[in-house]
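Shared chain: chain A. Partners: chain B in the first complex, chain C in the second.
And now, the complex of A and B:
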């Protein structure tokens, strides 16, 4: 045993050996760490240079112009500050539309995600053989950016809230489906077995056996999605799907003279996002943590 | 248990049940009422009228097929053959598709027995089985035909323009020109355009056959011609995808690097001064609340359109998100490891480096990699607004409403790109943190 013979010359050599190999290992780790760091820095710097090169305006020229546009908007809005409350009221219906798009697509997406998640969870699936099929299906739904579906649907259905709603709902179904199924994997199967012994159908087993267990987590994820979807629906409005984003693009296209409108829309959008952000984080905390306490 | 207690329990249970019952009926009721409101607020009854099903049909058929235009200028008698009617897809002089025959009388065989004959003196004949022969004579800007009486709805005829649409193809005759469109499945000229010597050669022939272009080696020449294909613009598309991924990468990593030091200032354990903590947290809330859309709009004014603007928009928004997540992770750090490090006499910076960072690295990496994937999608959307990357190419292709096969191509590429980034980030997460999901 090496430990017992530490005092002998043989043992000292082995300690030296251990120390040497430990130092070598540390050195190798440092070398690898340094190499990875160097590659990362190189990637960042060269990536930044490429991005700067392919941009219309340069980074260093633009840096001191960042404040110009907000300053112009703010100055004009301040000049016409008396109109601002009126404009906020005028654009309020557009805000409602943006929120409606987010709410409906979250509801539909969550419902679809719920079904998809149960169908693709091991142990709960209705057709276990089809689990990979439903998983791939959700992967594709998740991978398609909303703007792709929205633009194609705008071409077919015309502008308005419906294309944005469908686009966001599809993405939501994929994204929530994945998160739901991760939660459902940890669900206790005993209630399901109990229900199965009474001859319950698959839908009854899921509704009465699984859902009560996972509902707080599901609700929390759906709330988070709702918050994300408000942002998404504002962005999709910018490409012609109605709501606040559409109004923002219109007032921006006018340029100076309509900056008070842009300011009103900025205020509405910012306020809404912050409001729902705070609301959802408060309720999510209560759902996930308050439940256990 | 006394009778009074039992009554109390019973009434409590009754109240609970009635509350649950109310909830079970009320919640679906509220949702249903909301959907009814949405049904009218979104004007779904009017949607059926606004929807353009012709567009849907064009989109569905055009995304997997292409058409070759055969055009005769009725004035000069000049002929033109071009894929999708584009100059870039034109057949070289002296060449034409093999379903066009004849010199004085040019016969276009659309297949299925449908023939179009382009006769001298601005005359056109269309032979359609089970319908008969349609003759048209262009004179100046007028057209005279032998069409009389009730016409089927696939023929439209006026004195200025005659349009015939059959399953085999389409014919349009105006005073100035006669156009024949012949449809084929597939994405034509995807590999090589007509001006490339490699067009019409198989892969085996290019790889192993004799040298086709005497000046260049086969493989190098073929790759270069494919890369510079004017019709499908493979080079531009590859650059656009690169730009999109670059935006996501730079934005995510830059945001993480900015947010890490800031998050120390927002965590209670590391920033005892309330004012600094509150200020940092409000800063995070602010940049997150302004949202990528507004940042994009504001930054595009300063930096102009391009990938840099998108990068900065992602960077700024995600600094807020990362800052919030990181500072929450920092709040939950185990104090014992920090104590252990400080017992060896470590300075504050060393305490952070060896006591704190190793604890939060798994959370950090998992979040960064998750955002890298999600930002690839955001970068596509931001690119469509600010003008950079594959998002812009997609928007342009959709807005021209012409090249649906290109739109389909871009969509396939985008979905592929996001899925690759998704599995890449999942793989990296597994490698770095040691979990495979």
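And now, the complex of A and C:
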């Protein structure tokens, strides 16, 4: 009952052949792997050398000073630690403004990214021929740095939170659209087909057939983007968009003497990121376990 | 050789395995039967140290297995191969690489990351695949193979470990009857030719009867039967499965021959 059913054993010649061809395959793979590793190392070394040459100070000379600035900030903040709670309260309205910019831009950007992603996913797209158009459109949105868009808009519209919001929303739409579309590509098409068989429109098929499958992933990406946007809106404050970034620039530009304010702002930023990280992981768990919809 | 003493596993207040005691004095082919949820898988997972026992001990050749930690535990795992119901291969890697994973315990992490297996190992992997009749599949990705072929790759990975014991957790539960027979025949042949101990969880009685030297029946975490296939009467089987008088062995059979038997036709009438 044993031998016959195991398939006829190969002759010595054919197993030698299998061996030889597999070993050749292994050799080839090792060669490619080695080449890739070499290219990687070369790029690293050459890139580092170029960057080091162009640097004003030089990497190795500056390396030991890397801790100086944080140490100064920490030392001063520790000296004036009694003032910190007051400063945190003082900058809290600026934090609210920063979070506001981030929240509005995330919402607008995620909504736009959602539509763009479904329009540029193979198998789901409304107009399959236009997929490359929507993809390039998202590429452009991602390619232009937020700060460039913000600077242009501030020039046109004047300083304030609205240019920052628009700039971040544009970048968010491009970035989330890309991530959303990768998730949507893995969605099961059977429910969509089921809905199509009932005569549903494209929007109905997407909303009822695709979104329930991808919602947990979309939400967690959107919340991650929200965290990134909080930081982005703080940075845009540096160029005149208001909020926490504006205050941070002031306190940092003043140098020693106002480092306690910088420390307070860092504490606020850090606390906010931690808070929203915790919040997002909780909601993501609830969504994936299916307790809430 | 292998001694399992009052081995217990609790999940919260639920006891999955309740004071299991099994003594094995020589390499045998042992089948463990019982309903799903009877604790068969948990028992095997504890033997391989994939999960820790709550109480009790496992000793192999005088060595305490339940107390092993770190490298010693991984060494035991390399001596005690495991085969899974869903094959648990790496789907995107080729068949030979999957078989070579059987040597991971003996190789450094760095060497395995860059696929630097010795040529002798590669030769041995292909020999084992040839022994199991799937050498032609060697360069293919594991995911491209049929279920029966994938399970044979999993057996090849187990053999690559050169283990003293092979544990098989429902090895044929996801296979069609023809492939189930090929896989069970392969396990039996490995037991007979190499003298390795094989412990298999099986969900069909006739498979246990046909291939095993010794059958252990579990119900609700307890061992309720331990004997030869001949001692496993229909009455005992009813006890193990907690079934009523209408229980028929052929009703759950996956063997091809049962289709011809009169009993099978009778069993069909019940369905």
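We take it that the second predicted complex is superposed on the first by the 199 of 293 C-alpha atoms of A that agree within 3 Å, B and C clash if a C-alpha of one lies under 4 Å from a C-alpha of the other, contacts with A are read in each partner's own complex, and residues count from 1 in each chain.
As a convention for this text, contacts are C-beta pairs under 8 Å (C-beta built on N, C-alpha and C of every residue); 3 or more make two chains touch, one makes a residue touch a chain.
All values derive from a computational prediction rather than experimental measurement.
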item: In the superposition, chain B vs chain C on chain A residues touched; value: B
item: First (chain B), second (chain C), both or neither touched by A:90; value: neither
item: First, second, both or neither for A:26, with chain B first and chain C second; value: second
item: Touching partner for A:139 - first (chain B), second (chain C), both, neither; value: first
item: Partner chain(s) touched by A:193 [first = chain B, second = chain C, both, neither]; value: neither
item: Common ground on chain A, meaning residues reached by chain C in one complex and by chain B in the other; value: none
item: For the chain A and chain C complex, residues of the former touching the latter; value: 1-3, 5-10, 14-15, 18-19, 21-23, 25-26, 29-30, 33
item: Complex interface listing, chain B residues touching chain A; value: 31, 34-35, 38, 41-44, 47, 50-53, 55-56, 59, 243, 246-247, 249-250, 253-254, 285, 288-294, 297-299, 301-309, 311, 377, 380-381, 384-385, 387-388, 391, 394-395, 398, 401, 407, 411, 414-415, 418-419, 422, 437
item: Complex contacts: residues of chain A adjacent to chain B; value: 40, 43-44, 47-48, 50-52, 54-59, 62-63, 65-66, 68-70, 97, 100, 103-104, 107, 139-140, 142-148, 151-152, 155-158, 160-162, 165, 182, 231, 234-235, 238-239, 245, 248, 252, 266, 269-270, 273-274, 277
item: Residue ranges of chain C in contact with chain A within the complex; value: 96, 114-116, 119, 122-123, 126-127, 130-136, 138-139, 181-182, 185-186, 188-189, 192
